[in-house]
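For clarity, chains are labelled A, B, C and D in written order, and residue numbers in each chain start from 1.
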């Protein structure tokens, strides 16, 4: 069971690095093998948005010949990924965003061949900023990761935005540790699940639509006029 | 294995109801027992924010004697929860927000007695609006749910914001179906996990801090001056 | 020039109240008359979502006979509004959300009679939480207010999420002061603008579409194949 | 009065370009001179995050010798800016994010010399995606721009996320037109404001703190115990 721990800061020694180390420790303590990597060490071209010209155009291994190729393979081999990012203006910096944007080539395999190549992997997020925007960055990343097919474990994110040295704040160190730990526990729990998650053929969907139409109509009548029902009319 | 499917619209017959039915079907098809409920049928007082006066004050079963008591028990009995909400101004309406705010009494048991009472449960989200704000609402809910201790499965959200009747859009019906399905699959996968997720005592945390301080220093020196490293200086 | 300062906390004495006072002072020092109000003192029913049944159904003064009537009139009389809200789960609490949701009856006059009744008013936002979610709440509120027709001045929001007593943090007191001040300055600057902001009839829009089609085609050809242009091919 | 219209897509001919043209027309029709620019034509290095090492280090004209220098000067000369961005994963792509991150060198002049160099300028945003994440991207950008010192006019954003050709949707063309128009109108309204917006010295702030402490105490007593006040106890 392998977990990738990606540090997104241009400053490899900063707080997002430090918290990433604690996530790595949490994952290792829970039995995972961890690889740390620093996005700043890789040349990642910005996504060219091919998918907007042609839905089938965006696919592994992308049209660019750059270091993202190595990163794709690392992600594919891993059961879980932890992204530890600084927060610039309430969101990840361009370096991290380019990495995320380029992951589309794995996710869009759902369109190309029916299944996202990251489906069923597990992800966690750490965000560090010097104001109160960390959760906004995290909310963006969580929605993105789930929408790509990742699962998020309980306590799957940590954030910090105080000026005080992060290593002096035991609370956030534990939070980061548990991001790694919970990603690892969930990787283990899900590896027994062999089947595909997203089911795109449901035979009785048409009949079910009929049923819901009828139920909805019944509910509408029972609510009569939404403007009159008891709890709203004082 | 029981899954709760909470419809958040004041209009019980609307699109968020309809998609909730598909999530319920997905969960049932994957072996779960499902209970549908309509938040509008319950009297839920707004949260009084006691936790801001005293961290220990917010605890199950809350100070209010209202219908939330029944809802707490439903949540506690369930392995998973699907929240299907309309989107008013890029976020859930007040009815849903009051429900979320009041769930704090379960989450804050982490402070009161060391463990969130929803830790390890699984959640999915469906959001329906008539403009492009659904994902914003979902990002808020995902961050909230993870932060309470819920896990989010792959494909754990669905959203819709077109004017066309939702039942005519096969894509979103499948998305909603899979929210329920994946919540159910993950409930099954996690129920074998007996142990607590969040570990709040890590014996060698202090030593590890030392190690990270040293590594960080090494990285700083190796990056020398961030202003000079090759990829930034053209 | 009148500015409304709405405190959204159930705890009238809390940090969002305190910062609201500084916004009020900033507005007064800049020449405005300020009215403080506490949303918790008003009975505000949750929005019934009538607009989803019928776009023309949502209009001033709403179908509910509750205290929102008084609030509508206060908003209509004011040139500017400051909302000071606590942050529960990265967003305003249900009390504030109900207030926002119900403001739709003023905004939807754009559909009913061609002009939002809050168009051209000025808004500022203050958010106080005990974690790092304040900016997320603010981002939701800013998008909402702009989308209703409000203008946001420079430095139009302030937020705080430290445990330390807010009154001891000079920085955030100044931020809150300047929210009020800048709302007031902008109210003054805009009151000279008599004309409507949103123009819904532009005579030469059709011709212009043609022009843009041609330009777009030219740009597409000049970029040839996005996959080949210099900066992307290493 | 000059307005800058920045297109953020790698595809210069795409929907964000098209809507940018309508914003440009709206601004021109309202009397502004407009410059269109395509971020993809400029080499913009990712921000190195110097400010995290030293708050005073981040300042105009930044440490990088790249095309951002030209862009800084364009922004400084302009009274208003419209950013038209595609939406990749609920946020602007890396290209746009790098541009935003690098603008910090203008904003951080607030720390360096007491005043943000973009204070009082006006901004509008257009976002185009193929799912429902546009408003999330916009919420991030609005919070960012206001936090840098920009003002946002009424109707200051437009978004689109349908698959249909954008030029066939009259509603969004008008929305984009009005983003430009309202930015221009507000530039005109604000250019008469000579004074600084953010006031960082308020003489009687200390006394006022005392007053608020007393008022807060009075309010606390009058609310007695928040758990008992009438509207919460059913």
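The rule is short, and it goes like this: a residue touches a chain if its C-beta (ideal position, glycine included) is under 8 Å from a C-beta of that chain, and two chains touch if they have at least 3 such contacts.
All values reported here derive from a predicted model rather than from experimental measurement.
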Longest centre-to-centre distance from subunit A, chain (CA-based): C
Which of A-C and C-D has more C-beta contact pairs: C-D
Subunit C-subunit D separation of Cα centroids, rounded to whole Å: 14
Mean-CA-position distance for subunit C and subunit A (Å): 30
Touching two or more other chains - residues of subunit A: 10-11, 14, 43, 46, 48-49, 53, 90, 133, 135-136, 139-140, 143, 147, 226, 232
Residue ranges of subunit D touching subunit C (in the complex, touch as defined): 10-14, 17-18, 21-22, 25-26, 29, 40, 43, 119-120, 135, 138-140, 142-143, 146-147, 149-157, 167, 170, 173-174, 177-178, 181-182, 185-186, 189-190, 192-193, 195, 197-200, 202, 205, 208-209, 211-213, 215-220, 222-223, 226, 231-232
Subunit C residues touching subunit B - in the complex, by the definition given at the top: 9-11, 14-15, 46-49, 52-53, 86, 88-95, 97-98, 100-101, 104, 130, 133, 136, 140, 143-144, 147
Contacting residues of subunit D [partner subunit B, same complex]: 43, 45-46, 48-50, 53, 63-66, 90, 129, 131-136, 139, 159-162, 226-227, 232-234
